[in-house]
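First the structure, then my questions, so here it is.
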Amino acid sequence: MSRLMNIAEAAQQVKPNSTVMIGGFLVVGAPQRLLKAIAMQKSDRLTVIACAADYPDQGIGNLVSAGLIERAILSHIGTNPDMEGLVTAGKIELELVPQGTLVERIRAGGVGLGGVLISTGLGTAVEEGKRIIEANGRRYLLEEPLRADVALIKAAVGDHAGNLVYHGAARNINPLMALAADLVIAEVEELVPIGEIDPNRVMTPGIFVDIIVCDSEEG
Amino acid sequence: MDKTTSREYIARRVAQELHDGDLVNLGIGIPTMVADFLPAGVNVTFHSENGFVGIGPSPQAGAEDPEIINAGGQFVTILPGGAFFDSAVSFAIIRGGHLDVTVLGALQVDTHGNLANWTVPGRRGPGMGGAMDLVTGARLVIVAMMHTTKDGRPKIVEDCTLLLTGAGVVDLIVTDLGVIKVAPEGLLVQELRSGVTMEEIEEKTTARLRFAGSVLR
Amino acid sequence: MDKTTSREYIARRVAQELHDGDLVNLGIGIPTMVADFLPAGVNVTFHSENGFVGIGPSPQAGAEDPEIINAGGQFVTILPGGAFFDSAVSFAIIRGGHLDVTVLGALQVDTHGNLANWTVPGRRGPGMGGAMDLVTGARLVIVAMMHTTKDGRPKIVEDCTLLLTGAGVVDLIVTDLGVIKVAPEGLLVQELRSGVTMEEIEEKTTARLRFAGSVLR
Amino acid sequence: MSRLMNIAEAAQQVKPNSTVMIGGFLVVGAPQRLLKAIAMQKSDRLTVIACAADYPDQGIGNLVSAGLIERAILSHIGTNPDMEGLVTAGKIELELVPQGTLVERIRAGGVGLGGVLISTGLGTAVEEGKRIIEANGRRYLLEEPLRADVALIKAAVGDHAGNLVYHGAARNINPLMALAADLVIAEVEELVPIGEIDPNRVMTPGIFVDIIVCDSEEG
């Protein structure tokens, strides 16, 4: 069973200095209400792991504007000039990771792999500081797993057991992050009773989800 | 040659490189236009690296689904027969060799097929997003771009000076001046756009160019 | 002590180790029986490594779904709130630390928490299936077995002689004679089954045993 | 678009000496009709990659009985005494792999990883002949990707674009194998027109599937 919480209570689970994974791609599939609530409560010095920096004051942009991010692991920040400014000013430490590598590193953290061998980024700046492993006559970067204290994800439908169903391109990195954090908080658009979601249609099994927050039902 | 026509020339010429049944990823800008110029009888499936295959036309105003966007953040649609999936599957398609063609822009391309498209000098780059994955994983990597920068500086160089997106990854370069193949021996001009001379393309290119027999004739 | 009662004792005793909300994988044989002896107020979810969580009771005759079997190949059901998934997710649950408890049988367990349950001497083993994953990944590994083989030979030994399923993986051993914890200093008898003496368990065990204060008293 | 074939024609795509991945777990989710047809046509010296050896004359057991298997990479053969006999007699070369490792190796082959670091099997016979890599202070086995010439998979519903939906525990290893072979043949129980499967419900996108075979339509 996942616990049902209201937005404010769930937001308080994100503590200062913690590492937070945030689902979504350019806001689509991002837990927008959770992010707004977290921006309000000022848990700072966060390390954020996500696809992109979204837009100013939207999605992850809420945390950027509130000055809560100390470090970020992302694949792209070009849509958020505020983020670019803070990184250039040295206020946020940024690690840029190819998106596919980011996804596999998060997956590796969630599925218990010690690392994965990936050729993406060979011969580029991505190589820097990484071990190169040769296997079957080819060279690969050893990419290490990523995990977080909290994952904030978003789904279209959830039940009280924590089972989630995503819609459209909002699925993106959410199902991967659901496996890779000690505490998983899912913001759902619609909350339905247990048994209403066909076990064949579940996209993230409830066993991975600790806390459910529903837009329409604040607790 | 006005700019619109040049962009159209590039998109149309790239479209001719696609084969029926191909799975194709189009980058932002000129590459996106390729979809409009597919030759008759060539049906391809378009991949959106944020999580689906089967990109359809732009939705009618008011009919947008807020959760169906392309990798550039624009509202699109999904065609019947398409499928949504998570990011792991989406990049599995790219990295696992399931993507036939990727078409993307560049800031610099060089003789060795090196590609730079994610940083500009004097300014921190916005990040590589999925570009490094695309150029590493796609079976065929086509660069579609204007031959020179807006202020006329060559983008096809002997050795890239900007940070690389991929090393030795580019197969074909299509610009407003023609079509250049990245061969083991270097760059080979396979076609010149009508009205473009060998002298013009050489003048606007820093890298050494060779010309295919069909161009010399 | 007849055998049925012994099996029941083991299953009931293992069930007491489970906590409300746990995700649990039960092996074939005695471990499967654990589901029948959950203490009141302890609701656990059962994982089937062939691809779902929420194993329900056996189906009524004639109501079997041919595509809902457990890892032992028997027809089962899925409870409301359960979910099907592919093998990658199923073993992600195990390897990724999402499985709280695994209960499985053994041919041998030793002082170091080594477990052997996939080969027998003189005969090629049938394969490890998912057992190696389970003992490596589960947070708590409980061995549930009869204390000796059918012909009375000790299964709890100083060092396993059979090929290992996992090295240093076992946390707790529950047999028809009692409950033994695998501690850094070796095996610690935490409980004796009513009617079993320290002498009896020592006699039927090759490994050196220590006894908890509660047992000595 | 995937090509629609009848069973016999599809079976002929499996050539002698090839490596074949076969979906299913103890027959559930196995392409049973394809396997029977392949057993009839005698493509021999196959290398088979699958979860288990199924039962005599059922599932992979069809290929075992027909004497078509030269080498097998499996996690379990205990349900098939014929297989045990052939392995003991030295007629079939068997590599036993922990099931979770098998799954990740197949996935690695399909998603383009050069290998994965897995701790399962450390200190056991599984270690033999494998490289040990230390990462973050822990030891792991370097497990290499698996790929096949052909994957034979099975789904409940498919459309003419090759999109697949699985039912119950028959999903198992099928979606992973769909990515890891040069030619993917899917046996489906029900074939529906394109557009009938909601793009959100597709479990294996049609782009991975080359050939569709339908039980009810031998066309």
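By letter and in written order, the chains are A, B, C and D; residue numbering begins at 1 in each of them.
The rule is simple: contacts are C-beta pairs under 8 Å (C-beta built on N, C-alpha and C of every residue); 3 or more make two chains touch, one makes a residue touch a chain.
Nothing here was measured: the structure is a model prediction, and the numbers come from that model.
Peer 1: Once the contact rule is applied, which chains count as partners of both chain C and chain D?
Peer 2: A
Peer 1: Count the C-beta contact pairs for B-D and for A-B, then tell me which is higher.
Peer 2: Counting C-beta pairs in contact, A-B comes out ahead.
Peer 1: Between chain B and chain C, tell me the centre distance in angstrom, where each centre is the average of that chain's C-alpha atoms.
Peer 2: That pair's centroid distance is 56 Å.
Peer 1: Chain A to chain C: how many Å between their CA centres?
Peer 2: Chain A and chain C have C-alpha centres separated by 35 Å.
Peer 1: Provide the C-alpha centroid distance between chain A and chain B, rounded to the nearest whole angstrom.
Peer 2: Using C-alpha averages as centres, the distance is 29 Å.
Peer 1: In chain C, which residues are in touch with two or more of the other chains?
Peer 2: 52, 78, 84-85, 88, 91, 94-95, 137
Peer 1: Among the residues of chain D, which ones contact at least 2 other chains?
Peer 2: In chain D, 104, 111-113, 118-119, 166-168, 200 touch at least two other chains.
Peer 1: Among all the chains shown, which pairs meet the touch rule set out at the top?
Peer 2: Pairs of chains that touch one another: A-B, A-C, A-D, B-D, C-D.
Peer 1: Report the residues of chain C in contact with chain A in the complex, numbered from low to high.
Peer 2: 21, 23, 43, 45, 47, 52-54, 78, 80-85, 88-89, 91-98, 137
Peer 1: Spell out the part of chain B that touches chain A in their complex, as residue ranges.
Peer 2: On the chain B side, the touching residues are 48-52, 65-69, 71, 73, 78, 84-88, 90-91, 94-95, 114, 124-133, 136-137, 163-168.
Peer 1: Name, in rising order, each residue of chain A that touches chain B in their complex.
Peer 2: 25-26, 28-29, 51-52, 74-79, 84, 87-88, 96, 98-101, 103-104, 107, 118-126, 156, 166-176, 203
Peer 1: List the residues on chain D that touch chain B in their complex, please.
Peer 2: 1, 110-113, 159-161, 163, 179, 194-195, 199-200, 202, 205-208
Peer 1: Using the touch rule from the top, collect the residues of chain D that touch chain A in their complex.
Peer 2: It comes out as residues 104, 108, 111-119, 133, 135-136, 138, 140, 142, 144, 165-168, 200-201.
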